[in-house]
Amino acid sequence: MSEITLRNITKSYGSHLALPSLDLDIPKGSFVTLLGPSGCGKTTTLRVIAGLEQATTGEVVLGGKTVYSSGTGVFVPPERRGLGFIFQSYALWPNMKVDRNITLALSEAKQPKQVIEDRLTEALAKVQLTGLADRYPSELSGGQQQRVAVARLIAARNSILLMDEPLSNLDAKLRTEMRTELKRMHRELQATTVYVTHDQVEALTMSDIVVVMKDGVIQQQGSPYEIYHNPANLFVAEFIGDPRINLFEGILSMNGSDRILRFEDSTIPVPARLQCGDGPVTFAIRPENITIVERQGPFSLPAEVDIVQPTGSQTIISLSVKGQRVTVLIPRFETSLSRKNIWIEFPADQLTFFDKAGNRVPLQQPVLGASHAA
Amino acid sequence: MSEITLRNITKSYGSHLALPSLDLDIPKGSFVTLLGPSGCGKTTTLRVIAGLEQATTGEVVLGGKTVYSSGTGVFVPPERRGLGFIFQSYALWPNMKVDRNITLALSEAKQPKQVIEDRLTEALAKVQLTGLADRYPSELSGGQQQRVAVARLIAARNSILLMDEPLSNLDAKLRTEMRTELKRMHRELQATTVYVTHDQVEALTMSDIVVVMKDGVIQQQGSPYEIYHNPANLFVAEFIGDPRINLFEGILSMNGSDRILRFEDSTIPVPARLQCGDGPVTFAIRPENITIVERQGPFSLPAEVDIVQPTGSQTIISLSVKGQRVTVLIPRFETSLSRKNIWIEFPADQLTFFDKAGNRVPLQQPVLGASHAA
Amino acid sequence: QKSDPKWDAWLQKSQLGPYQKNENWDEVIANAKKEGEVVVYSSTGTMLKVAEDFGKFYPDIKVKAYDLGSEKTIEKVVREHQAGVYAADVVYSGGTEQMVFDLLPNHRIVNYVPSYLTDKIPAAHREPLLTHVIEAYGVFYNSETYPQPPIKTLWELTEPQWKGRFSMKSPAGSLTTLMMLASIVEHSDEMQKAYEQHYGKKLELSSGVENAGYEFLHRLIGNDIVISDNSSKIATAVGLRGQAKPPMAFSVIHYLTKNQSDNYANAVPYDLTPSALFSYPTYVAVAGQAPHSNAAKLFVAFLMGSKDLNGSSELKAPFRSGKSLELLQGMAAFYQVGTFSPRTDVPPPPYSEMWPKARKLTASPEFVRDNIAKISDFWMAETSR
Amino acid sequence: MTSSAAPVQTPSRVPSVRAVVGHLWHSFTQPERLLGILLAIVLAGLVLVPLFELIRETLTVQPYDRAYLPKAQPGEFTWFHYERVFAGRLSWAIFYKPFFNSLITAFTATIICLAFGAGFAWLIVRTNIPFRNFLHTLVMIPYMLPSWVMALAWITFFKNDRIGGASGAFAYFFGVQPPDWIAYGPIPIIICLSLHYYVYAYLSVSSSITSVDSQLEEAGAMAGLSRLKQFLWITAPLLLPAIGSAVVMTFIRVVGSFGTPAVLGMPVRYYVLPTQIYAAMGTRNAGDGFLLALVLVVLACLFIFINQRLIGVRKSFVTLSGKGFRSKEIDLGAWRWPLFILIMLLMTAAVAFPLVLLVLQSLIKTAGNYSLGNLTLHYWIGGGGEGVDQLQAALVDNGNIIDATWNSLKLAFLTAMTTGIFGFLIGYVVVRTRGSLTSRTLEMVAFLPYIFPALAFGAIYIGMFARPFGPIPALYGTFALLVLICSVKTLPFTSRTGIAALLQIDKSLEEAARVQGIGWFRRMIRIIVPIAAGGLLSGMLLSFISIMRELSLIILLVTPSTNVLAGVIYNYQNQDMPQLVGVATVLLVAIVIAVNLVVRAVSTKTRVGAV
């Protein structure tokens, strides 16, 4: 059953159309992440769900109950929707200390004192702010402030949680811990969660469903695997994955009974199941799927190393292949690649093709994870 | 020559000692990143450099000129230090439109109109906000606001740049682009840059020097490679690297002429050059350096798969090894590891040892990158 | 006026206006006690003292006296009546134009003269409205600096030696001051005579000026008159001892009492031509539809002084006690130089020996009605030049 | 309901009807809309009715007009007053000249007020100037003194021989008579008004300035702006709502103030609009008086309109977002003490001098004699003595003063409360519905009572509340009516400061509470009110102070048993008893200062406002 339904939602700010038309179904208990470039309407979508913003037209259904409908004029105000919300700007109350910021809603709901205290202690512990309950928000660092906002959500225990970049100001370690914490909360409360993030690792690791938006329009909606491996279009392909996927222009043609892809002077074999006619085509390959070899092979392309950027467990290598920039990711820490004579290879089964409109060309029988087994 | 020097800086807020004693030398033209857990004093350090906060004691020297000294009472106000600063909370002027926010400093400096216009256009283009010059900050999304803050810095072109988490609200793609942009600006202006981030990839890819702080105290200071591979202590080891490094307790002992490490029931060979006596020891290995094998080897440990989290080009696998939690990172997208019978192996040359105080045990002759060649 | 049955009924019930009979005072007092209170709207703070004194005689009747100043007294009565609220019993105020020509014909007030006083008050002071006291503006000079009056006629004030040295309260906002100007204008022929007598030549009117009264005002203002907002300060400015060149002024003459209390040296040149005194009445009346009409009558009678008061009554300061109070009653609080009862049988208060003999100019109600607006406009135009 | 009974064949109509009903219902469920409607109705009754009454009187024949219009019946329609005031022979004297005089004094005084007020506010709130708490109380005292005290002090000091009497202190000490232009006329008027009314700007700006995030100024510093430029380019524009309010309040109050121009202007015949209004009303020429007052009303509307334009709809003044607020003290460095001394000097002139004069006035037996033997405490503590007026009870057993003080306190307190609540609500609605017609009109209407001639306002309320009206019983003669009229009259203080304060609060602070299920009322109590409290309190304090001194507004409405302190002072003044005037005034000032101190102590203790 779907817990949150947005039907044909549009939202404009004056003449600016932030959401042209949005349809979204979020099943009960699922964890949905909204992903998309800055300014694409993620926050707006959350605000429409929460009722903080009224959609210009459309309908919002929460838990089977219509809470907004431009047709009938129904509007349930946010305070009666029973949601948890973390604001991108924290929205901490400057006049209250941390503890009061966290427990206000509880004490307003006339919870017993003991419960409030327990929840406060628990929430503070979870966000690792124990001991700072007595500070004012202005006496906290940026990350600490953000954690207070998270603690407020944790303490409230709502059944629908909306979080707008709740971890953006935290360091990796803390962020990983908080991620686990939020995920656990999600499980424990069986809470339907809509999560906005710009961090792909977060999106891909935490979500049941990832929704990729662009300019207020949903581009693709699916499991993290689908989004990563079968991007619906060029935009999704380029947006998901860090470093960015490599794109090339090639020409599909037949070479005898085999189909081949012509790219610059080389040819690359392609899967036969590709449902698309011959001619120019855009193809993409993720940096981690490009192999760097030290000997020229039949399908290898000569490359020159440009920049080497180690990121810890991996190293991003920018290469120049026949004048084109290619990014390769290797699973090692590397500060320099000294050798000049290197070649790269594109494994044929790792290529994704896009037609002229930018939509992915499907394969006849989609290949499921089989080739990814270690 | 060092451009920024902090000598024995302390800073307390009331009774809270945010910086107990800080010494820092930043060479001219270098790119220094401050890393550390939330609340460790990064922002405070930047603010002390900028003069927005007066250190309780100590001395600040900028470009050879003492701008603050608690001893002599010298204090040069921030407006005459000529720095660029990006605030963690953006600090956009809500009453001014985007263009004015960006150009105020320039028009104050009586720059010719043409220059101002050019710089505005350029800065807007660099942060990809062209066309939004006429909006008020409150009419922008969170990420757009942050980009205005960045554009303000770009347009001003100072020779010392201080940036406090300038990209925290941007998506991966934009962030990569902005990173490149900032790095280019750094190079073009030869600007000495102090950069605060919680994003390790950013820290490791952009910096000449990484400074890791904890509770206001510098834990280690060095190149990204040093920080990552030769963490000075347990804190740095744990803090740097995502997912977190694996830590184990073992016992060092001699097995004939070979030194071995006893861990649970197994033994692992260790480099002989380890400068440390026998006995209990903490050893660490990064997740990407653990190998998962399907057959039991001489030094392998049996493992059970707990959670599999694909992050795009990599997959984080949580295993349970004899009751202990072990994280492994594999360079593939993987949604599940079905096989039960797997083992892990610790390559001996990838182990780092820490003594009881948490400091790293050095090797007799440090091994340089050799083993990392592909 | 159209007949108004409700009004008529009230008049009849309260025995006022045409229904007024020779009062049976015992009955009135008994009824007044039954009514239990009397509400007085007054333009002066002295009424609070009268209220106190009234309480000594009739402790069963509570007096609620409001000190509002003249324009607010009138405003309050009018507004209340317009809203159908009849709260006031006695209305006490100067301002002929309003009291006589607005409130009276519009039934906001009704004239009430205790029957026993009819023959003791000249008709001009009881019809159309009962005058409670006559007050006056006088010309003041400093008798310490000038043992003899420095001027013989009002016209001398328009000469250069008094340039910037003559002051008066602004008539704008002060009905009584305006009344004084009205009396000067109304008696313009006397003004003219005084001029011609003094200078021995014909008065030449400035262009656009109507008569000698206006001409005097015109020249006075032209001679850099100093306008003040406060009478008491004027009295101080003139009368303070030790001044080399004290100014002269128009002042309410009851500030002569300051000569005793504050040792000032104010004096009035009683022989001035055409006159040094400009008198004006302050009226008292029963409010229309007064809820406590008997108490109101009693209060009015009390204000006017007792029956037993006569020219040979022995009155001793302080007047608000003992035998004097019994005789003066409501007059006691007013009994000082500058506030004179219209009753012919009341002895003048101390230091006012000159009062009965001195020449006084007074503006008639009709003249005020027809000209006061014009005079006020004239003043405004002249002073803003 | 219609939906269940609706026949199937008209499906297209049903939703539209329901939609309309739904939308209506919906707009009612939005607290700010509902409130807006309610407030509009209430204010229409309380403000627009008197306004129409004023306008009506300017358009009808008044009793006084008989002299000009012998044939007309009072109450008939006429343009007579308009012609007379704007186009007649006398229009120069009645209107144009005083009007220009007014504009000149008011503009100049407003500018000075703004400079003083904003400057003090910045110094005291933001910098480390010594004795900040003390200064905060000190700089408000000039407003607590009745405005005529200042004028009186001026006259006493600079009086020359033009008005005779004792020579002024200046002439006494220096042996020269100050020229007329120093003693009387526009310059002293401007100075006295400025020293009195800068407090509006001070209170309004100081409460706003506390909620300006220091980081915004710091960002200015990083952009290389000097301290002054940071203030001018960043802080001041962010304070625009507060400054705008201050300008509107100050200008309108200054342009409408009567006492000071009356004392200082009359000796040289320098007339301003209020003296003309007073004159017209005093001669019961209501038509002219109200028409002149309407000019002020129009002027006020114009000002508010300009103010609304300046503030705009899109521009944001939110300085209190939910993120990273910092408030930092600015180090004045070497300027600390010189600036402190400068303020102290100014305050000596504006506070100490008039205050000493007042105290002296209450101690002196006969005026003008300042010898020690001529001083007495009789009027304070009784005991009599030679040369005192034995009939005048001293303060300690003067039931008159004590009752009146109590009444004044009660009235001022209740008024401050009522007006505080309504001002806040109006501010809330105006800010939340910003840009809409409701917002603009509400803001304007809430300000109108400010410039109504007080006396006429009271008079009109007699008519409105003499009889029961709907659910409201007849209030005339009750204390409630006094509270009501005072609240309406001082509404501008709180609504203006309320608007300024609320403009600085980010909506998300309320939203954060909203999504957590905290209802409207609780949100206000817990979050918005505490954060806006600084601004609200200063507005309430202004109401309190002005009601403590108010007389003309309520004089027609009070009963003798509810006499107020200002009424007592007025009576004593009429009866020429300067000592008791001094006693009562000093008492008034002492009370206001005490209340101010208490309010401040309580508000810092509960940490009201942002910081």
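Structure notes:
Per-chain residue numbering starts at 1, and chain names A, B, C and D are given in the order in which the chains are listed.
Convention: contacts are C-beta pairs under 8 Å (C-beta built on N, C-alpha and C of every residue); 3 or more make two chains touch, one makes a residue touch a chain.
Which chain is which protein? Per UniProt: A, B = ATPase component of ABC-type sugar transporter; D = ABC-type Fe3+ transport system, permease component.
Bear in mind the structure is a predicted one, so any value in this text is a computation, not a measurement.
Counting hops only between chains that touch, chain A reaches chain C in a minimum of 2. A count of C-beta contacts for the chain pairs B-D and C-D puts C-D on top.
Separating the centre of chain B from that of chain D, both taken as means of CA atoms, is a distance of 56 Å.
Centroids of chain C and chain D (each the mean of its C-alpha atoms) stand 37 Å apart. Centroids of chain B and chain C (each the mean of its C-alpha atoms) stand 92 Å apart.
Taking each chain's centre as the average of its CA atoms, chain A and chain B sit 23 Å apart.
Contact with two or more other chains is made by residues 89, 142 of chain A. Multi-chain contact residues of chain D (touching two or more other chains) are listed as 321, 323-324.
Here, these are the chain pairs in contact: A-B, A-D, B-D, C-D.
Those residues of chain C that touch chain D in the complex are listed here as 44-46, 48, 64-69, 71-72, 74-76, 79-80, 82-85, 87, 95, 97-98, 101-102, 164-165, 167, 170, 172-175, 178, 226-229, 232-233, 236-238, 240, 243, 245-247, 261-263, 318, 369-374, 376-377, 380-381, 383-385.
Those residues of chain B that touch chain A in the shared complex are 13, 35-39, 42-44, 88-89, 139-144, 147, 164-165, 168-176, 198-201, 204-205, 224-225, 228-229, 238-244, 286-288, 292, 309-314, 316, 329-335, 337, 369, 372, 374.
By the touch rule above, chain A contacts chain D in their complex via residues 50-52, 69-75, 77-85, 87, 89-96, 104-105, 108-109, 137-138, 142, 145, 149, 152, 156, 162.
Residue ranges on chain D touching chain B, taken from their complex, read 213, 215-216, 218-227, 229-230, 233-234, 237-238, 240, 314-319, 321, 323-324, 328, 331, 333.
Chain D meets chain A in the complex at residues 15, 18-26, 29-30, 320-327, 506, 508-509, 511-520, 522, 526-527, 530-531, 607-611.
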